[in-house]
Each structure stands twice: as structure tokens, then as C-alpha cells.
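Structure incoming, see below.
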Amino acid sequence: MSAAVDLAIVGAGPAGMGAALEAARHGLRPVVLDEHGAPGGQIYRNIEGVTRDRPGDLAVLGADYGAGAALVAAFRAADIDYRPGSAVFEVGSGGLGVLSDGVARRLEAREIILATGAMERPVPQPGWTLPGVLSAGAAQTLLKASNLVPAGRVVVAGSGPLLFLLAWQLAEAGVDIAAILRTSPRGNLWRALPHALGLVGNPDVAKGLGWIRALKRRGIPFLEGVTALAAEGDDRVERVRYRRAGGETVLPADTLLLHEGVVPNPQLARASGAAHDFDAARGHLAARHDDWLQTSLDGVALAGDGLRIHGAKAAPALGRWAALGCLLRLGRLEAATAERGRAEARAEVARAARPQAFLHELYRVPDEPMTPRDDDTVVCRCEALTAGEIRRALALDVPGPNQLKAFLRAGMGPCQSRMCAPTVARMFAARDGRGVTEGDHFRLRPPVKPITVRELAEMQDLAAD
Amino acid sequence: MSDARFIVIGGGVVGAAISYGLARLGHPVTMIDGADDAFRASRANFGLVWVQSKGLGKPDYAAWSRRSAALYEDFRAELEDESGVDCAYHRPGGVTLALSDDELEEQVAILGQIRGEAPAGEFEFEVVERAQLDNMLPGLGPEVVGATYSAHDGETNSLFLLHALHGAFQRRGGAYVQGHHVTGIEAAAGGGYAVSTADGTVHTGDRVVVAAGLGNQELAARVGLEVPVRPVQGQVIVTERADPLLSMPTLNVKQTREGTFMLGASQAEVDYDITTDAAVLKRIAARNLRAFPFLSDLRVVRSWAGLRVMTPDGFPIYDQSPSHPGIFIATGHSGVTTAAAHAYVLADYFSKGEIGAELAGLSSARFHVQA
Amino acid sequence: MFRRRAAPAATVTVRLDGEAVAAAAGDSVAAVLLAAGADYRRHGVGGAARAPFCMIGNCHDCLVEVDGVANRQGCLVTVAEGMRIRRMRGKPVLAT
């Protein structure tokens, strides 16, 4: 059995790097595990490669992207045991299950920080399983990591601040965007306005407005108040249909990029058994945590967008905050020092996250399409289960999602309910005429990353039995 | 008295099969069930409808298992008609693989004894040599020395079975009350019984069936029955789907109609703990990989731990309360295997008000400590 | 349908359904398939055409056979010289 390490951090995005740097600064060498081959996380994906091989594209991807280079360089330079290509499939009983190069290993750790980031909110639309329909973030990832852009007629649809950044980056990269369809209900603006106080002159808000202006200057049609969005075609998307101002429109399209904001990726934290609540204002599950960002599990903390969506700028500070708690519990820091560091981190997070409340209201996703009206809309992509099939089972007064899973196999496929859990939760709440709760979400079990039977059978460093 | 109003406590496969059977006979039935996160062996099992190895030293139970298996295909078809859900039962026979001569010898001895205890000709099995086994199952590992085979055995998708039972029950007019924890059973003022739940709701009925899995001990004690059930944990691994390969279930590995492989199962007395344990899962994966090396590169999609509802001797308990006539208990392991008998035979006994004599050996009296 | 904006700095050659295909070093397998054309895979449940949706490891719609192992997540596997990639047509067929 291997000796325990002091601190293991999952994720080498801005939050994980921030946490690792803080630990290193205090003389502790953390292990950082990330399934990707290079540091950066989602926002700074392939920042080293772009800087090295195609520096001209730094302008295309924008100043916020380029800003990641310094953080990544500091991370590389520090005394950190960084292990790329390592997928963490389990967290529990004082350690982690790590898969790399086809070998599963158990790593014991006294303290663990999960900095696993966010995912785009999965929102089922008719036809969203057709090839050619991708999340907008997927297109961005392809641009950053492989310099690929969608060809032909590209339609972008959805809501949320990232939508405009992604559209702007694609336009800068030479993509001809046929239209941007905005799905956020107009009423959202009124609910959001009270949160707008103090945002005048906020640089992030100004930046967002700048992207919108730049896109409009290119003559890209911005269509507000779009509903009943659907992708159509045989074997791949050919058309996008939508309703707006009472009329229905069909646009020819080769690619449809969808985006409805980002939510914490709850998979690893939930499977580890950390307590979560449903945050109704933000519309997603959020882990319970203490003042050091420690979850309900001793020695397991969360940081970054995996904790709450505070954005990339707040992520390193959240990482530092969580790391300070670990250092304190490990007896590596004086309480006063840790608390001072936390106060600084907290202020930085507050500053960076100032627009979030406004943005959450502005881009709140309406019940439709989260409770798809159309019976034929696929909700569980893996098992190809439709909203109609789910509704029929719900009508048997199924007590909750785990019984539904048993009845239909919903959430039982390889994605392990990542793509359908939020929708299923909303459908339960809608059936019962109440708000969504934590109990409306599937129970998750390890492994949360694909591990083969052989890898499991040959798992190393397990306690002898 | 086919209009007797029944209250069934428990909506797992035992409660649901009995509820369906009663509704089918025309009884008004209310099935009261716990919340979504209650312990439910019915959502955590292996889905075998298994006869070989059942009932060693208890021929009545062995016969009961065979009887259920014999009813199962009609049961499947009827449930599909009524609910639209096919629980994928089939009976190609089943095998228990042996990875050593010792294992094989032990199995053969047990099955031989069960055969000896059964009426002549009612239970048959075969010892299958390795060469012959290769014609029955593809891709066996070199360590497999042989197997026992019984034509009585089959398998179902026990999750779809639960779905089908709930659907068919409600289609028959049964009332389902979920998310309620039964806390009291008492004689009602005007005759019959009052069943109350934690939130204060009271349901009244002429008769009550206690089929609440691990909740049975406590509930049965209220009506003077000793039902010593305890949790025995079992962990299971499920892989992603693959093209059909195994046409027949084995005791520890089977392929579902969807194409997933189920790998089972551990046994541990860990009280009410349903967390999976990497060391246990590793052992399950390793053992079954020796049996079927082709599983090697399949990805594990899920693993879980479930709690078996276990009696001291492993056999079920069927009984009627002596102090509260009309209150019945049905519980025990292998509730999937016995589901057809529960729906067709046991429900009929409960309807008639008396449990058939052939089940007398499964009453709770066997656990009464003699003073 | 995706196109490359510029020739990659370094290339590797992979086998896509037996054909030699040039890929950028560092590409994900999914990116290689998306750049190679429209057809990605057939779903193992129902047989519909499917292709990557999220590209960061969540949706599992980028599944592909890599070096003989079925159902690898194409978006998380980086290409290597000589890698054998096969488009999947439904469920994997196991070799016994």
C-alpha cells in the first residue's frame, strides 16, 4: 500500500492551479491530477500549444484566454507533482481512484481538493442528438485545441454570457454565423435589474456588451425571444426551426451550436457522497461546504466553478482558499496566516463574482425546454429515451429518480446521467407542482470515469484483503 | 370474499407481485411504499429466476422455487399485456461455473442432495464437462473446469419486472401510495385494520399484507409475528452494452437483453451499508474475468451495493398473524424468483384467508425459541 | 462538418477505418473524425447517427474504437502515430 500524500488536487484548470500554487508557496508539494494532457482547464484549453504553434490566434481567442499563459507558466515552474492524463474515477475513504495509461491505482491522500470545473447545462431540444448539433463550448474547444471551425451555415442559439464570447471567437476565427437566436425570456431582464446596481462600469459586463456590439457590427442577425427551438434533418442537422413573435421560421443550417450557461459538474463530488442542495436561484445542484470550502466529507474540499459558478477570474482565488483550509488542517499553517489569506481570497472572489447574480437572473433557463413539451424529444441521450416515455412512467407515481432509472434505464448509460439528470429533476418537480430538490437527482456511484473490467480487476495499491 | 379490501405494505418486488395478484382477483388494494431512497433489494438484484441450489434441506422451498419458475413465462406474457412492459424473462437454462475441481465437486454434492430431497423426477440437473460447456457458452477462460446446468433456470430484467408489476397493478385499479413510512398497524374500531403512516395518514382495510423487505421485522412484531430478517450486502458491477454473446445466464455473470453484462456478487454482513468498496469490486471483476476473459476491455458503467432481505436459514417466511387474523407476512431472499408464485399462488391464499399447507414449513414458527 | 483553419505545425498519421489519415499532433481522436467528414458513428441503442456533442468528456456521444478497444471517448484520447481508429456501428462485438 502506498503512503498517503498530503494533498491531492483533481483538476488543472485555474482553480486547481491556484490551489496547487498556494500549497507550493507554503512548502507543500501537492499531487495534481487531470485527465487532460496539459494544464489550463476549460477556459485556458491548449494555451501552451496555441502560444507556441499559432500565436496569431491569441487575438482570435481574446485577452482573457491569453491571460492564462502566465498562470500556466507559474504552475509549470512551481514544485508540484503534476500528473496529466490521469482520470479520477472515485473519491472516498481518504483516497482516490486514478486511471492513467490503462492502469487503475488507488492514491491515498490526507486532503483532497476537487477542482473539476463546470459543464454546459444540458438542455434537451428536439433534434439535439443529430450530428451537427453541438454545444457552443464544444466548438470553442475544437477551435482552441485543434484549430477546427464549423464549415457551412452556422446557427448559434441559447443564452448566457459565454454564448456571446463563443460566437465572437468563432466570428474572429472566420466563421460565417448565419444567426444568433436568443432564448432567454424577456421577463428575465426585469428580475435581473435589481442585481444590476453597482455593475455600471464593471469591466466584465462592459466586455460582454462589447462582444455583442462587435457581433452586431458584423451584421450577424440577433434574434431575441426565440422559443420552440428544434433541429431537423436525416442523419444530421439540415434545418433549425424556431418560433418568435408568434411566427415560425425555418433556417437552413449545417451546424447548430447550443448553449444555456454552465453549471458545476457534480459527478465526482456527488459520487463521493458529499452532501448537495439544489440552488433554486442558480438552477443547479451545489455542494454544502464550510468556511474553508470543505464539503460534508472530512478532508474533501471543492474549488472553482465546480463549487459555484463564480467564473474563471474567481477560480484561482477559490483554489487558494480551499488550499489554505487544507494546509490549516494538515497543521502546515498558523490559523492567523490562513485566515488572512482567506480574507484576501474572499475579497477577490467577491470582486470577480460581482456580476454573477445579475447574470443568473438574466439567463435563467425557463421551464420549457427543461420540461420538454414535445413527447419525441430525447432526454436521455445514451438510452435514447424520450420525454414522452419518461412522462408515461412518471404517471405511475414513481417515487423518485432512482425508481425511474430502474423502470426505464434513464441515466443508466455510459454518461451516467450527466446529460439527463437536470431535465429529469425538473420533470419530477413539474409533475408534483413544486420546486426542484436534491432528491430529484439520480444517486451517483463510482466509477464516474470509464474504467474497464480488466483495469478494475488489476487495480493496484489497494489495501490487502 | 373477493371484495375484501387489502392494504399491502411495501412496493418492492414482493409487495408489488402480491398486490398485482390480489388486484387481479378483484380485490381493492392499496399498496403503501417508502420513499425513493429507501432500501430496495428489488432495484439492486441480479435478476436470476434461479432454481438449482435453492432449498437445500428445505424441499418445500425448492418446490416453491420450481413452481414459480414454471409459472414465469405466463406471468411475463400477462404482465406485458397489462402494462406494455416486457420484463425479458426467458428460460434457456442456467449454469454455475466451477473454476476448480473442488468447486465443481461441492456444487454437484449440493445439487445431488437437493435432487435426493425432491420427489422423483421433479428436479433435474446435469454436470457439464468443460468440452461440452464450450458448446454452450463462448469464450470461457482456461480455468473453467466445468459446470452444473439446470433447465429450470432462467433470468429476467428485474427492474423492468418491477415496472411491469407497478404498471399492471395500477392498470387493474390498484392504488399506489408512495413516500409513506408505515408506523402503525392496529385493529380498527369497526372491524378490519388501520394502517397509519409517519405523517399521520390512516388507511383502513379488511386485511393487511406486510411485505416491507427489511422493514418487516419491526412491522411484524406489532402483530405478534417473529420475522428475523437482516441485511446481507451484495455488490454488483454492470458493463456497457455489447452485441449478444451469452445466450444463457450463469450464477455470477449474465448478459441482459440490452447487451450489458452483470457481474456479481459479493456477500457481506455490514449492517445497513450500501456504499461500494473498491476492494470488493476488484475481487468481483477479477473472479469473473477468469471465467470470461472477453469481458476484459468492456467498460464498467455502474456498480452498486444492495441489501438482501435475509432470514436466519435463508428461506422465505409466509405466515398469518395468530393474534390479528387477516394480517399476512411475506418476506425473504430470492423475491424475483418467487414473484410468479407470489402473484398467482400466494395472493390467492391471502384472498382465501388461509395459506396453503405446502407452505407450512415456511411459517415463522420455525424461529420461535423453545422455552 | 468542420474545417481546419491552417495546416498543423506537426502531423501524425493514423488509420481511420484502414485508410491513412493525417492528423495534427495533439489532436483528439474526435477532432480527427470531425475534420475527416460527416459520418461519425451509429448509436448502440436504436442505431441513429450520432456525433460528439460536448467535447469535454461528458456526453459520451464521441465513442469510437481505438487500437481495438471499443467505446473510447474520442474527445479525451489524443492521437498517436499509427493509431488504429474505427468508427463504431452500434454496439461493440466482443472477440472470444
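Which chain is which? They are A, B and C, in the order written, and residues in each are numbered from 1.
Operating definition for what follows: a residue touches a chain if its C-beta (ideal position, glycine included) is under 8 Å from a C-beta of that chain, and two chains touch if they have at least 3 such contacts.
For clarity, every value in this text was computed on a predicted model and none was experimentally measured.
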| item | value |
| --- | --- |
| Chain at maximum distance from chain C, centres defined as averaged CA atoms | B |
| Interface with more contacting C-beta pairs, comparing A-B to B-C | A-B |
| Innermost chain by mean C-alpha position | A |
| Euclidean distance of C-alpha centroids - chain A vs chain C, Å | 23 |
| Distance from chain B to chain A - Cα centre to Cα centre, in angstrom | 41 |
| Chain B and chain C: spacing of chain centres that average the CA atoms, whole Å | 43 |
| Residues of chain B touching at least two other chains | 240, 258, 295, 297-299 |
| For chain C, residues contacting two or more additional chains | 45, 69, 71 |
| For chain A, residues contacting two or more additional chains | 413-414, 450, 452 |
| Chain C partner contacts - residues on chain B that touch it in the complex | 138-139, 240-243, 245, 258-259, 294-295, 297-299 |
| For the chain B and chain A complex, residues of the former touching the latter | 33-37, 40, 43, 159-160, 162-163, 166-167, 170, 176, 178-179, 237, 239-240, 258, 263, 275-276, 278-279, 281-283, 285-286, 288-289, 295-304 |
| Of all residues in chain A, those that touch chain C in their complex | 35-37, 42, 46, 49, 52-54, 87, 119-120, 122, 128-135, 137-138, 141-142, 145-152, 173-174, 235-236, 254-255, 265, 381-384, 413-415, 418-419, 450, 452 |
| Touch list for chain A against partner chain B, complex | 90, 92, 97, 106, 273, 393, 396-403, 406-409, 412-414, 416, 439, 443, 445-447, 450-454, 456-459, 462-463, 465 |
| Complex contacts: residues of chain C adjacent to chain A | 1-6, 8-9, 24, 26-28, 31, 34-35, 38, 40, 43, 45-46, 48-61, 63, 69, 71, 73, 75-76, 78 |
